[in-house]
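Presented below are the structures under discussion, each in the form of structure tokens.
In what follows, subunit A forms one complex with subunit B and a second complex with subunit C.
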Partner chain A sequence: MRTPPGVSPSDFAAALAAFTQIVGAEWVFTSDEDVALYRDAYSPLAGQPEERLASAAVAPETTQQVQAIVRVANQYRIPIYPISTGKNLGYGGSAPAYSGSVVVDLKRMNRILEVDEANMSVLVEPGVSYFDLYNHLRKTGSKLWIDCPDPGWGSVVGNAVDRGGGYTMANYRNHFDSHCGMEIVLPNGELLRTGMGAIPGARTWQQYKSGCGPWVDGIFSQSNLGIVTKMGFWLMPEPEAYLRCTVSVPRYKDLIPLVDILNHVENARIVNGFPDLASPLLGYPPTGQVQLFIEGTSAYATTAQQKALLAQADQGYSPELEAYALANKIPYWELWVTFYGPMEVVEAQWKATQRHFSQIPGATYKIVDQLKLPVDPAKISDYHEPEFGVPSLRAFSIGARTPYNPTPSKGHMWFSPIIPRTGEAIFEANRVFSAAAKDLGMPLFQTFSMPACFWERSFIFILATPVTTDAATNRKYLAGFKKLIEIGGQHGWGEYRTAPVFQESVMDVYSFNNHALHRLHETLKDAIDPNGILSAGRYNIWPRHLRKKAQ
Partner chain B sequence: MKTLLTLLAASLVATSAQAATADGAQVFEKWCAPCHAPGIEHPGTHALEAKYKGVKSSFITDWTDVTPEYVKLMVRTGISVMPHFRKTEISDAELNALANYVIRKH
Partner chain C sequence: MAGIATVDRRVFVSGCAGLLVAGALPALAAATDHPEAEWLVVDRRFLSLLPRQPLARRTLAIDGDVTALWRDTLQPLWRERGAVIAGITREPALFCLEHLAQGLRHHLLRREALAGTDAVRWTLAPVGTRGLA
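Right after this comes the complex of A and B.
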């Protein structure tokens, strides 16, 4: 059994005994076999000396047990690392940032505490997955929708705390933004409720976010300064209809006005669903539909001539390729837009949307799906389920063995820089990152890459870096990934979220005024977690006693 | 009397086995079906279809050549992009039930 660094075997034994008193022997994991279950399944360092590994794990069932565990951790100076459902795959999974930490596994805290149908809100514990919440709402006849990311087994709380995104209406897609009220066990074991929850007997905890005084919820995101034990969310009332359409434009440079107009129609709420960018010419599917292409249920036709032109194009462009597209009426770019609401309203929104995009010469329009809701559950797999508030695991076809990918990967690491929401930025990101990826020998680009449109004012230029079974290849990709982070920083781009192995590199990019943000993070850390027991090293925020050692 | 006891014991075993199968079905439905239910929209099924190309069923509960130990090994170690599952997700008792459910057609 591994002992946390700097902790004596006797103190660790005493702490484990105390954890056992709190949760029972069944829920304290110390054997090598059990602790191995807390490894990051997608670690690029699997089996290597630098792999981040837990020393033990403890799984509380109640908030009181979390408080007691935190107090024991303070008593014996045990580093602890909370996880919710532990399915943050591609961003670190269930492994701690600091090897030797005891993972506090919150999966057993899986209660849906309140569903307020009238307020369209929910209060949940961190072990509740999107599948759990979805199934509960359907079973109880609720008319509320969840907004979920692609992996439906993720934690509603954990994904929000790690600032994940989804696929329905804009005001629900940013999961941290759609929360309302938190309960947090502070690093000293004290219990805090934020927003209106700070009022004893509060009646509007899930109705008004900020309460009074400085709004502190943000400092508990990304899990450095407290363990979130309850979190409220606003849910979306089931819409009457769903309309999905495409706006196709013929020329390479049309991407610039296409994005500009999208930004207007989306932020004016003319388009209120998930927008998605694709390129029929380049064979690049929309992000939300990518698994349909992998499955082979949807595909852009590409002729031999088109493929030959693509092979000669520079980052998806050549005059010959554009001429071929124009002659054959193959759109260079395709924007998918979705609408939720009453049928007559979404039809009117689509009409207004077309009027806005008509500024682009040659733009064409198509209705892809026009559905009265709810969709028959037997037919939901015909669509991208999360756009209907339905969780699935379909996105795991990315990297898995398929007819198009005969060599499955061992996982993936998401490279996720935020770039401006402009066509120019898409071109620039492709130019910069595809050249870098080529130099670094990283298989990230085929022809051109499109960003994801989770949020209304920025893009995530998300790229999946494969994790393989070959340690040398993984090391090469890991070093390349860090270089891409650095290159992104040089262009004013930074990651929104990353796995522990990259957190130092990412936070180094946020260096304005001699790392003023990082220094504030450390100041907060010292004030709120003076013994430095919680989430050491997460997002490169180390407790005082580990700072020099870590760097 | 002995026969009655034997029958009773057999009945208890059967009941226990049925209960285990029922629990195993629930575990499968919750943890496995999102990837391993029939249909290529399920990545596990799709991956196995690509691997076996019709020579063997892509639906794992059709398989008759796996042992409970193999099922448990896959759940606790994972394979390809399928991660391993912790005991807070699938307990040892649930894993036993699941393994028995997966091999029930043997």
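Right after this comes the complex of A and C.
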């Protein structure tokens, strides 16, 4: 058994005994076999001395138990690291940011405390997974939808506090933004409720977000200032219909007006579902079709002549390639737009959308799916399930070996910088990152890369950096990833979220005014967690006693 | 809710004798799973690796994605009690099942890549179950 750094074996033994008193022996994990379950399955440092590993884990069932654990951690200065379901794959899994921490595993706190059908909201504990919430809503005949990320096994709370995203309507896709009210165990063991929850007996905790005075919820996301034990979310009322359409444009430069117009129609709420950018010419599918693409059944499979032209093209462009596209009527770019609402409304929205895009010469339009909701359960797997609020694990088939993907990786690290929501930025990010990836020997680009449209005012330029079984290759990609972060920073691009192994590099990029933001984070840390017990190092916020060592 | 039995891309079979195809490797399944396994999970791509005679244990066929298998069968089962499950799938399906199993105090007892295929055969069991020699 490992001992947390700086903690004597006798203090650690006393702390574990106290944890056992609180939760029972069954829920304190110290054997190597049990603790190994908290390793990051996608760690690029697996088996290396720098791999971040837990020393033990403790699984409370109630908020009172969480408070008691925190008090014991203060008494013995035990570093602790809370996780909800711990499925943060690609962003660190369930491993702590500071090796030797005791994981506080909140999976047993899996109660759905309230579903308010009239207010269209829910109050949940951190162990509630998207599957759990979905099953509960369907079982009780609720007419509410959840918004879930691609893997449905994660936690509604855990995903939100790491500021994850999903696929339905814009105002539900940003999971932290769609929360309303939090309950938090502070690092001194005190219990806090935010927003209207701070008024005893208020019935508006899940109705009005900010309450009065400074709104503090944000400091409990991507941070180490508290353990979230309850969180409210607004849910989407089941829409009557779903309409999915494409807008295709013929020329390379058309990407610029395509994105500009998308920004208008989306933020004017003419388009209210998840937009997706694709390129039939470059063989780049929209998110919802990635599965078909890698299984080789997609309409985006490119011809031999197209492939030859693509091989000659520079970042997806050459005059010959464009001429080929025009002659063969293959769209350069394709925007997938989605509408939710009553059938007559979504049809009108689609009509208005076409009118806006008609500014682009040669734009063409197609309806892909027009469905009355709910979708027949027998048919749901024909679609990208999360767009219908249905959790799934299909995304993991992406790792399977197929003709398109002959050497599947062992996992991946998401490189996910925020870039401006413009066509110019997509071109620039491709130019900058593909050149850098080539120099660094990183297999990140096939032809061209499209950003993800989770947020309405920015793109996430997501690149999956493979994790392999070869330690040397992993080290090379790890160093390359850090270099990409630095290069991104030089262009004003920064990650929206990252794994512990990159958190220092990423936060370094947020350096305005001699790292004023980082200094504020440290000031808050010192004030709220003076003993530095909670999630040390998360997002590069180290407690005072570890700052020097961390650098 | 999308149940296994009703989702057309995901086949549910209880006893897969009727789906077996020629070219089976009879020796394989005999050694496939833990003797206590209650269920055998098979990726439809690998049905041909099973013997022709009906298997003793109940069999679930999947098309690669474990969502419905997990949601409708394994999660309710493992929440209620421990149960040994064996399977022949591709790596990603096992990856998901192994991680899901961990949350309900089950673990991977055995895994073995099947030469010449991208299949892996495995056994998941409640923590504490002893492995085969």
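The rule is simple: the second predicted complex is superposed on the first by the 543 of 551 C-alpha atoms of A that agree within 3 Å, B and C clash if a C-alpha of one lies under 4 Å from a C-alpha of the other, contacts with A are read in each partner's own complex, and residues count from 1 in each chain.
Please note the rule applied: a residue touches a chain if its C-beta (ideal position, glycine included) is under 8 Å from a C-beta of that chain, and two chains touch if they have at least 3 such contacts.
Quick caveat: nothing in here was measured; it's all calculated off a predicted structure.
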Label the relationship between subunit B and subunit C on subunit A in the superposed model as either fit or clash. clash
Which partner does A:Tyr365 reach: the first (subunit B), the second (subunit C), both, or neither? neither
Counting only touches as set out at the top, which of subunit B and subunit C does A:Phe29 meet: first, second, both, neither? first
By the touch definition at the top of the document, which applies to A:Ser381: first (subunit B), second (subunit C), both, or neither? both
Go through the superposed model and pick first if A:Arg394 touches only subunit B, second if only subunit C, both, or neither. both
Which of the two partners, first being subunit B and second being subunit C, lies in contact with A:Arg138: first, second, both, or neither? second
Greater residue coverage of subunit A in the superposed arrangement, subunit B or subunit C: B
Which of the two partners, first being subunit B and second being subunit C, lies in contact with A:Tyr300: first, second, both, or neither? neither
In the overlay, answer first, second, both or neither for which of subunit B and subunit C A:Tyr510 touches. neither
For A:Tyr42, decide between first (touching subunit B), second (touching subunit C), both and neither. first
Identify the overlap between the subunit B-contacting and the subunit C-contacting residues of subunit A. 33-34, 37, 41, 85, 87, 107, 131, 152-153, 381, 392-394, 396-401, 408
Given the complex with subunit B, which residues does subunit A contribute to the contact? 27, 29, 33-34, 36-39, 41-42, 57, 59, 85-87, 89, 93-94, 105, 107-108, 127, 131, 152-153, 291, 295-297, 381, 392-403, 405-406, 408-412
Subunit A touches which residues of subunit B in the complex? 30, 34-35, 39-44, 46-47, 50-51, 76, 78, 80-89
Residue positions on subunit A within touch of subunit C in the complex are 33-34, 37, 41, 85, 87, 107, 131, 135, 138-139, 152-153, 377-382, 385, 390-394, 396-401, 408
State the interface residues of subunit C toward subunit A in the complex, per the touch definition above. 1-3, 6-10, 64-67, 70-71, 75, 90-93, 95-96, 99-100, 102-103, 107, 118, 127
